[in-house]
Amino acid sequence: MTLDPDRLFPVENATRSVARDLYSRVEALPIISPHGHVDPSILVEDRPFSDAAELFIRYDHYVTRMLHSAGVPLDRLGIPRVDGSGEQVDPRSVWRIFCENWHRYAGTASGYWLATTLSEQFAIDDAPSAASADSLFDRINTALKTPEFAPRALFSRFGIEVLATTDDPMDDLASHRALAVDSGFSGRVIPTFRPDAYLDPASPGWTHRVETLAAWNGTEAGDYSGYVEALEGRRRYFIDHGAVSADHGVLRPDTAELDAGEAKRLFDGAMSARLSAAEAAVFASHMLLEMARMSVDDGLVMTVHAGVLRNHDTHTFRQFGPDMGHDIPVPTVFAEPLRPLLTRFGNAPDFHLVLFAVDETVYSREIAPLAGYYPAVYAGAPWWFLDAPDAVLRFRAAITETAGFYKGSGFIDDTRAFLSIPARHDMSRRLDASFLAGLVRQGRIDMASAERIICDLVDSLPREVFKL
Amino acid sequence: MTLDPDRLFPVENATRSVARDLYSRVEALPIISPHGHVDPSILVEDRPFSDAAELFIRYDHYVTRMLHSAGVPLDRLGIPRVDGSGEQVDPRSVWRIFCENWHRYAGTASGYWLATTLSEQFAIDDAPSAASADSLFDRINTALKTPEFAPRALFSRFGIEVLATTDDPMDDLASHRALAVDSGFSGRVIPTFRPDAYLDPASPGWTHRVETLAAWNGTEAGDYSGYVEALEGRRRYFIDHGAVSADHGVLRPDTAELDAGEAKRLFDGAMSARLSAAEAAVFASHMLLEMARMSVDDGLVMTVHAGVLRNHDTHTFRQFGPDMGHDIPVPTVFAEPLRPLLTRFGNAPDFHLVLFAVDETVYSREIAPLAGYYPAVYAGAPWWFLDAPDAVLRFRAAITETAGFYKGSGFIDDTRAFLSIPARHDMSRRLDASFLAGLVRQGRIDMASAERIICDLVDSLPREVFKL
Amino acid sequence: MTLDPDRLFPVENATRSVARDLYSRVEALPIISPHGHVDPSILVEDRPFSDAAELFIRYDHYVTRMLHSAGVPLDRLGIPRVDGSGEQVDPRSVWRIFCENWHRYAGTASGYWLATTLSEQFAIDDAPSAASADSLFDRINTALKTPEFAPRALFSRFGIEVLATTDDPMDDLASHRALAVDSGFSGRVIPTFRPDAYLDPASPGWTHRVETLAAWNGTEAGDYSGYVEALEGRRRYFIDHGAVSADHGVLRPDTAELDAGEAKRLFDGAMSARLSAAEAAVFASHMLLEMARMSVDDGLVMTVHAGVLRNHDTHTFRQFGPDMGHDIPVPTVFAEPLRPLLTRFGNAPDFHLVLFAVDETVYSREIAPLAGYYPAVYAGAPWWFLDAPDAVLRFRAAITETAGFYKGSGFIDDTRAFLSIPARHDMSRRLDASFLAGLVRQGRIDMASAERIICDLVDSLPREVFKL
């Protein structure tokens, strides 16, 4: 499991050599992570990670889903049930299950990140296996107790300049405030406004959330204007705490422009549970367009993650809650659903709308043409299942010929797995180098352009797109 | 038309060399063919094939459709009309038409298999053409009269260990029984339960088929419980004759769970032709879920082939019947339609559900995420039009990064063309070697892993997935 | 910005060498352009192009959309508003904006064509930039004043044998007539019948167009038979002026066969504005099938361009009219919508139906299977956003394994940008050479076949498909 210094580069020698050269220009640049799911409290508390299973397995549903697909019940991985009834599991046994199934990760993105992390961070070159499981567990645990593996030390060692988290609109952002005033921490950790559950009346608990918003705002829960005002207020609160973007996860990116009376009528209906499913969807579509309007006003970058059917396995969802690895993509479209939003705001100055998809058919068909026309639209980096070497190269090939390199978002790691951050960004830099090297060798761009582009992709583009 | 020993391997030398090495480990392994359409009577009878046109053209709708696309009427290929009115055609003239159109097959999967078969089995290295047609016809016919070309001799020479056929639920499986008791034949030829036409009330002749089932079961045709019982009984009959799987071909893989009363009500409506198209579809969806329930109970692997609009050209269908090369794929989805089935059985122990598609967008979007989560789900090998070198590599690239190598079905030849079986399996082995060689050369897996994986793909995986 | 003589060829040396060899066989063949959007009056008038901005930017919405996506208002590019209110803009400043944004075109198809054209036609090897903008503008303008850059001189220098334009059915084709009788011009410039706006009652101005048709035909506007007869008559007029094809742009390629009474009823409803949107769509579907019937009768090749949502940005459309770069593709299907048409005419002798798509999922899923069965169907070359190096190779890989090389349309440039024609055809030839070289090196076809195929792709195939 020794790392190939030329990993992910094209196999042909001359092209590989160009890629190596391009990569060397960005290899050591700081990491900008404008969207992800790391829990900021780990940096506030700066406590050592407890063990290898907690660090690499329990909270990484990319990893646990693969073990589940091999027939390992989630209970045996120490994942707690929502009713608290789960058994206690020895972390060492969780780690052992993982090691016994290591061959299942061969060729996967998770396997690549895990191998890179074990090798680079822990100097481990034995592949995980039944035989090596215990010794690897011990070695990792020993390392985790050293100061070098405290979260802040890792943050610094990884060269992270900006790390964005994803947060509930009513979150008090205490962790972000604590880090901002902590003289012992110089990193930039910023929140992201994620209001889905406050916008869609079909979302369980929506009425309660609207009441919470109203209470904070000092208005009546049934007052539509107060509701909108509260959302605007919470966005300002996030901006005051460093936020640069608002993120929106939707099954289908429908948008609709309602007049004030109609919006109010649907809001009233939703609050009194008198809305049909179709009407609720129209209201949610209206609120997505409202979010764009607010972004135009307050400057938050709008990111849209569309096309995932959440919690596909109903029984497992009831037992273990969300984010257990069974969110499944569905066919996605952008052009028609976003038309009301884009006709209204697609040309608005300084409005940035970043589109992410897990249905890759949308890359060449809709995202590139939209990003290649509307000033507001940027093509989001490959998301989720597509955040993997071959898929990233397919993304580049599908997007670039229409939209070029300068209407993309830059790399987004979107991860909960803190330790995988450097491996993911490094993967992206190697793949950009590989893609550009191919263009250079085919005479499609010159080397000077490639050198400029790779630096822009890693550095200036994410700063520009996310207004950092 | 001499065969390149390095055919299908990557062009870059070092990668080609790795591929060659990996291929050498599986080149000679026995052929496991767990799903296909060879007629088992050819092995029972063991009569010589009559001529080159019968062997390569008349029954291979991959081959005839291409000639049809060039304007050759199916009559001229000797394909009989359903009303028996077709003209008699000299096989030599059929073969000549094929040879004159050989350039049309360049770059196609059929062309590759045909070239490989002609070269490997018949030592022919003249390309088919108007000039070579007659001499090739004669050479092939001479060979076919030798004992080496009798079906059983070929079965043995091809190294086929298991060959599955596809059969009507009411088939008496006489051929399979005859082969099983024949001391002169040591191969394993197993039936597959294919009940589509018994499950969907919209299928022509459904009522009659239900009556046949009931008659066999000794129950009333109008008795829903007897209908279900009869299907269970016929599955047991197939299992007793060696079946390991049940196969389901559907336009859309909808599943639904009805309570007993509702199922009975729809069944009654279907039997008395009082069902709307929508109700018939709901009943068929219910029966697909019932098939999963039976698989959970009796252990038959459930395979689903979805997304083909059968018999697109209505006139040709009326004249020549089904399987004439104009079944056309349509957009396919799995995540939502299969949700009822997977929520109920996706985690059932020892349940295997193999998903096949001809809309390749579903590979990275739905099949890999489903196979990478549900223990029951396996990604079926590229099917039909996608069973070709570039498409197979796209499949591997689309599936592996999410689901790895161990949630795939292994190669499936799915062929009616008995002589093409070795060429197809050899193609798959070469492509697996090529794909793995790329990963090795890019530092994504090590050589030891690649060596293990290629053996598993060819040998252990199909045995495990199909419970062989 | 010097052109690599091996541009677009595969990077591996031996494969590159094969590609170079294949390319050399077609490099200098004449250009056949059976579908495009060049204005024929430029050849009639043969006036020098006025300046670099007019030539490369103002009329090329591939180029302007990218500048728009960077935030440059269309006004600043000198694009006139439909109400005539636009400001006058100095062409030099338009050119300067383009040069300042040259990095945005890196890796795009437009960037590749522009670089090739600047280098090959103007011997420019300085990349466009803020620094080089003025001197490039001057150099280009100087060249444009020389006789070598007059439109007819370029037509001849480019080696164009046939150039098809796209024309309104009521166009008098005066330019085509003028060119045909002009003894000073020996090229073949032919019209294409494009009747969309006359077939779909939902098209703005439809009633007026029907009246124009009727007036020409000497029948009543409200007479359905006269309407059909007029369309037949205008097709004959086009045929008499050299037309070989009729082109149809539709959002969805629905076809329907109505009996005469029903067609007449819908026509009457449409003329008196009493038709629902659904009924209008049925009538348009019927007329698309009628167009196929006429093609069967009069021999015009039928081309269908499907799946583009036109004028996505409503505000820009109102200000600047159509073709401003915001036509956005949507998911496209062919198999079901075309079934009525193909069941009726798919096997009609000498009927040619060429299918173009911008949703590339349809290539392997529907277009290749349809072209690989129906004699009438040909796979149209990659269209619009997909007319770019990587996309073209994806097209070849997706189509060839099912439909081979001989059911494709040959290359279609489909361009308004006269000067880009040689660069586009050259790109296609290089890519065909590259794709074939890969097959040769992988032992999938032999060199003699590849040599035959590349000549057929460039020369005989477009002649055959478009009956030239």
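Observations on the model:
Here the chain labels run A, B and C in written order, and each chain numbers its own residues starting at 1.
The definition used in the following text is that a contact is a pair of C-beta atoms (placed from the backbone, for glycine too) under 8 Å apart; a residue touches a chain by one contact, two chains touch by 3 or more.
Being a predicted model, the structure only gives us computed values, none of them experimental.
Between the two copies, chain A and chain C, the C-alpha superposition involves a rotation of 120 degrees in steps of 5. Judged by shared residue numbers over all numbers used at their interface, chain A and chain B contact each other through mostly different positions, with under half in common. Chain A and chain B have centres, each the mean of its CA atoms, that are 39 Å apart. With touch defined as above, residues shared between interfaces to two or more other chains in chain A number as follows: 12, 331, 361.
Chain contact summary for the complex, chain B toward chain A: residues 10, 12, 14-15, 331, 333, 335-336, 339, 342-343, 346-347, 349, 361, 364-366, 368-375, 377, 397-398, 400-407, 438-439, 441-446, 449, 452-453.
Residue ranges of chain C in contact with chain A, taken from their complex: 1, 3-4, 6-9, 11-12, 65-66, 68-71, 103-109, 111-112, 127, 309, 312-316, 325-331, 358-361, 385-386, 388-391, 394.
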